[in-house]
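You will see chain A twice below: alongside chain B first, and alongside chain C after that.
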Partner chain A sequence: MFRNQYDTDVTTWSPAGRLHQVEYAMEAVKQGSAAIGLRSKTHVVLATVNKASSELSSYQKKLFKIDNHIGIAMAGLTADGRVLSRYMRSECVTHNFVYESPLPVGRLVVQVADKAQVCTQRSWKRPYGVGLLVAGLDETGPHLYQNCPSGNYFEFHAFAIGSRSQAAKTYLERKFESFMDCSKVELVRHALHAVKESLQEEELSSANCGVAIVGIGEPFVILDSKSLQAYIDSLEEGKNDQAAKLEVEEEGNAAVIERQDISGGAGVGVGAEGEGPTDMET
Partner chain B sequence: MRSWKLAKMSMVFAPRLAESAPTSHVGASWSPYDNNGGTCVAIAGADYCVIAADTRMSTGFSILTRDYSKIHHITEKCVLASSGFQADVRSLQKNLDARHQIYQHQHSKQMSCPAMAQLLSNTLYYKRFFPYYSFNVLGGLDNEGKGCVYTYDAVGSYERSGYSSQGSGQTLIMPVLDNQLKSASPLVLPPRESSTPLTESEAVDLIKDTFASAAERDIYTGDGVEIVIINKEGIRRETMALKRD
Partner chain C sequence: MHHPQVLRSQMRWECHGGQEESKQEQIYVGRSLMGPPTPFTLMPMPGVPITHTQQPYVTGTSVLGLIYEGGVLIAADTAGSYGSTTRFKSVERMKAVSNNTLLGASGEISDFQAITQLLDRLIVADAMWDDGNDLGPLDIHNYLTRVMYNRRNKFDPLWNTLILGGVKNGVKHLGSVSMIGVHYVDNHIATGFGIHLAQPIFREEWKENMTLEEGTRLLEKALLVLFYRDRSAINKIQVANVTEDGVHISQPYALKSEWNLEAFKNPTASAAGSW
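Coming up: the complex of A and B.
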């Protein structure tokens, strides 16, 4: 992206009606390693690509448990993400204390979005440089949301953020219509396939990816490396079946990933045409 | 807000005015506390811990309910039993739960019983000048799997011991436990451990006997007793009926 005269301050509009600092913050999200989320009628799965800066170091933590019914995956400045996850946890604990019931995911997402918006309208602050995929369960079922540095939030059936996320998104776009009725195992497999797309040449292993699941009756849990490796191994076995299935599905399944209005909340029909993306990023 | 709190405190701590002028009123002023009665007991063993509390909730000379639980599971290995003012007890339980949730996020594990014991002490002392009217007994397994019992006063002074009782029936039960469980003398060598040599079922039977006896003479103890047993297999719960008079 080229330098503009109007990009020094987050509180300066450009003549084209853009806040460049906010867009640069979203650029930071795109530079981070990929995070993927997808949901079915009963579960939400988050998967991350874990990149270690060198062979000697361990990778950065990108999956966080927020409460028993909510977890997040992040892409971008993971330090900012850590701070946001501490805020989210504290909000959940407070809500639980006052109301003795779990904080609905949608409400938490709005609170985070409002917090992010504040940083786009103060001259002494900078926008958060992290994108969050929030997976959670509430009375209306499982949900997957994305939080942007811009202060926007969206609900998704499936989405991917971070570097090389387009490859994962293409996979998700092809398959998302079948997600609703997937079992937990099938959903995790889809997630791992999507991660594989983002990894491209690298071999998928429990060392370079992470998976977390939350579902009806199942609290949020980050899979340990043994369980994760078991899923990865099962991918190899299922490969031959997958290849056959793919050929059938490839024909005429060019649906756009659907986006649900938060206010609407009602399930969008699978067959409906997706609205054109009008958000600032991607 | 602050002045309202000070006003409450001065009402509690200020000395009663003598009946001098004809217009002064004699009688109780408003108190932020009430005593809902009840008794709690805990006994620690080599690899188990038994915590029990009666299920009667009373106010003055009336019974509010016959099946109120004074026992709260804070962690997998740690259980809190509290008698006193149940509104303060409930508030204290919620406070500890919230702190424990935060601990679990930060440390990716549950709090150990000794750690929770210290947290409870700090939480109680935090309100040193407007205390939780709560007489607590904390029981569970320590990091080595041995039973532990911690006993508290209202402002957080605590001690680990092999057994304890708190509440309205405390003075009736404690001597019985001392008689059955106390080691001969602190001067006896080799020094005896904190926990008692009873088996788990013997400890449960002792608890049942002591509650039945306390219910005879203490009017605030009765209706039923809830017994929680923690051992390495997990947490188990038993109930026993008590006299309802």
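Coming up: the complex of A and C.
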């Protein structure tokens, strides 16, 4: 899109009825490295392409745990994303304190969307420059949502945002009908395939992607590089026994988590501590 | 010699009605009709600390609850006492909060009414999301705990002990919140005199997966003891049954009680100096 005389202010409409600043904010999302999300009847998987700005630096963190049952992947200005995730965590914790039950992900998404909308209607603010893929559980099961800088939110079976996300979306569009009945391992493999599409020439490894999973009875975890590499290996070598081993491990973990599940509501996992890979978030 | 403050308290009812009288005399009232002396101000004045009502006026007595195989049973009588007088005899002290939760209250009836209004707003706001999620008994129990505790911190308590019972997704919940925010859950709960008279019976006779019959009989047994021994209780009770499908509060009914005892027939027979 090109510069025009109506794009200085977020509070200025163009004659065509557009708010250019909001659209520019959505461009910022498209510049960020890709984030992908997909869900089944029991799990939601988030995957990100991790781009390091130089060989010496580490990559930007794009996967955040919001609560035991909600996590996000972001694309765009990750600084804005950090601020939003702090808000989301605060809302979840407050809800838990008042009601002693987890905040349904759909309600949190609406709250974030309303917060983003405020920034599209104040002359002294600017829209958030980050798109979020929110994975979470509520009473009706697992959900995947997207939050836009415009203040809109959408629910998806599967989606991808960020640069080169179209390649991932093409893969997802081909395969999404089978996602509902996928097992956790199959779902992660689909996510990694989608990431591969976005990476194009690069080799997929645990260094340049990240995966997080949340499911019924399983709290949100960001996979550590060892588990992630195991999934990637199972992908590339197509080894069934590797996958079977993974599945057995996952069953074991899931069983332990379920035994320690003390939540009153059905399905939403209040997970055990120390289960699964080390979680970077507190 | 009449203390001027005592005189004023005797005119208290006139004070409230007669607003034409000079406000100067009515600003500060010394002694109330019930309880220890507590000053309260009709109008905020500089230098006089703001105080809130520190005593209940119209009160309900015990509320009892227990979990049975199909859900939760909660019972209470329908009396509203005004001090030692049974002033109101048709007070509903239990209210369906949503279609799977019931609230019962002992203590100040007006505060119970305020709480039900509060919960109405909460439930409506929750329903307006219309997203397949709704507040269950655990959520409402915790919410009420927060409310009661915060009021206690402001030295302006809602003078109630609340019982919250319900079923959601097959999980039965029965809990209590006091006026200072003490909260807990249990298989059987009582407030007020029920703690001393009914809970011991429950501890002996409650068991897992009681039928509706057994549960109701156990509640009625405890209520009968309360009717005999708690002078604020009356023989007009309601029993509420909360299941996954809904809340059903019975019409008020009376328990069969036995007063044909020798000592009652001629109560003053052995009293010294009676005439």
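Note that in this section the second predicted complex is superposed on the first by the 238 of 282 C-alpha atoms of A that agree within 3 Å, B and C clash if a C-alpha of one lies under 4 Å from a C-alpha of the other, contacts with A are read in each partner's own complex, and residues count from 1 in each chain.
One rule holds in what follows: a contact is a pair of C-beta atoms (placed from the backbone, for glycine too) under 8 Å apart; a residue touches a chain by one contact, two chains touch by 3 or more.
From a predicted model like this one, the values you see are computed outputs, not experimental measurements.
A.B. asks: Give the label of whichever partner, chain B or chain C, reaches more residues of chain A.
C.D. replies: For chain A, the partner with the higher number of touched residues is C.
A.B. asks: With both complexes overlaid on chain A, does A:99 touch chain B (first), chain C (second), both or neither?
C.D. replies: Only chain C; A:99 stays clear of chain B.
A.B. asks: Looking at the overlay, does A:224 come into contact with chain B only (first), chain C only (second), both, or neither?
C.D. replies: A:224 sits against neither chain B nor chain C.
A.B. asks: Is A:107 in contact with chain B, with chain C, with both, or with neither (first, second, both, neither)?
C.D. replies: Once the two structures are laid over each other on A, A:107 reaches chain C alone.
A.B. asks: Counting only touches as set out at the top, which of chain B and chain C does A:65 meet: first, second, both, neither?
C.D. replies: First partner only.
A.B. asks: Under the stated touch criterion, which partner chain does A:138 make contact with: chain B (first), chain C (second), both, or neither?
C.D. replies: second
A.B. asks: Would you sort A:89 into first (chain B), second (chain C), both or neither based on which partner it touches?
C.D. replies: first
A.B. asks: Does chain B (first) or chain C (second) touch A:55, or do both, or does neither?
C.D. replies: Neither chain B nor chain C is touched by A:55.
A.B. asks: Per the definitions at the top, what is the overlap between the chain A residues touching chain B and those touching chain C?
C.D. replies: Chain A residues touching both partners: 97, 100.
A.B. asks: Under the stated contact criterion, what part of chain B meets chain A in this complex?
C.D. replies: Touching chain A: residues 94-95, 97-98, 101-102, 105 of chain B.
A.B. asks: Under the touch definition given earlier, write down the residues of chain A that touch chain C in their complex.
C.D. replies: Per the touch definition, chain A meets chain C at residues 97-101, 104, 106-107, 138-140, 264-266.
A.B. asks: Considering the complex alone, what residue numbers of chain C touch chain A?
C.D. replies: 129, 131-136, 138-139, 141-143, 146, 168-171, 173
A.B. asks: Mind pulling up the chain A residues that touch chain B in the complex?
C.D. replies: 65, 89-90, 93-94, 96-97, 100
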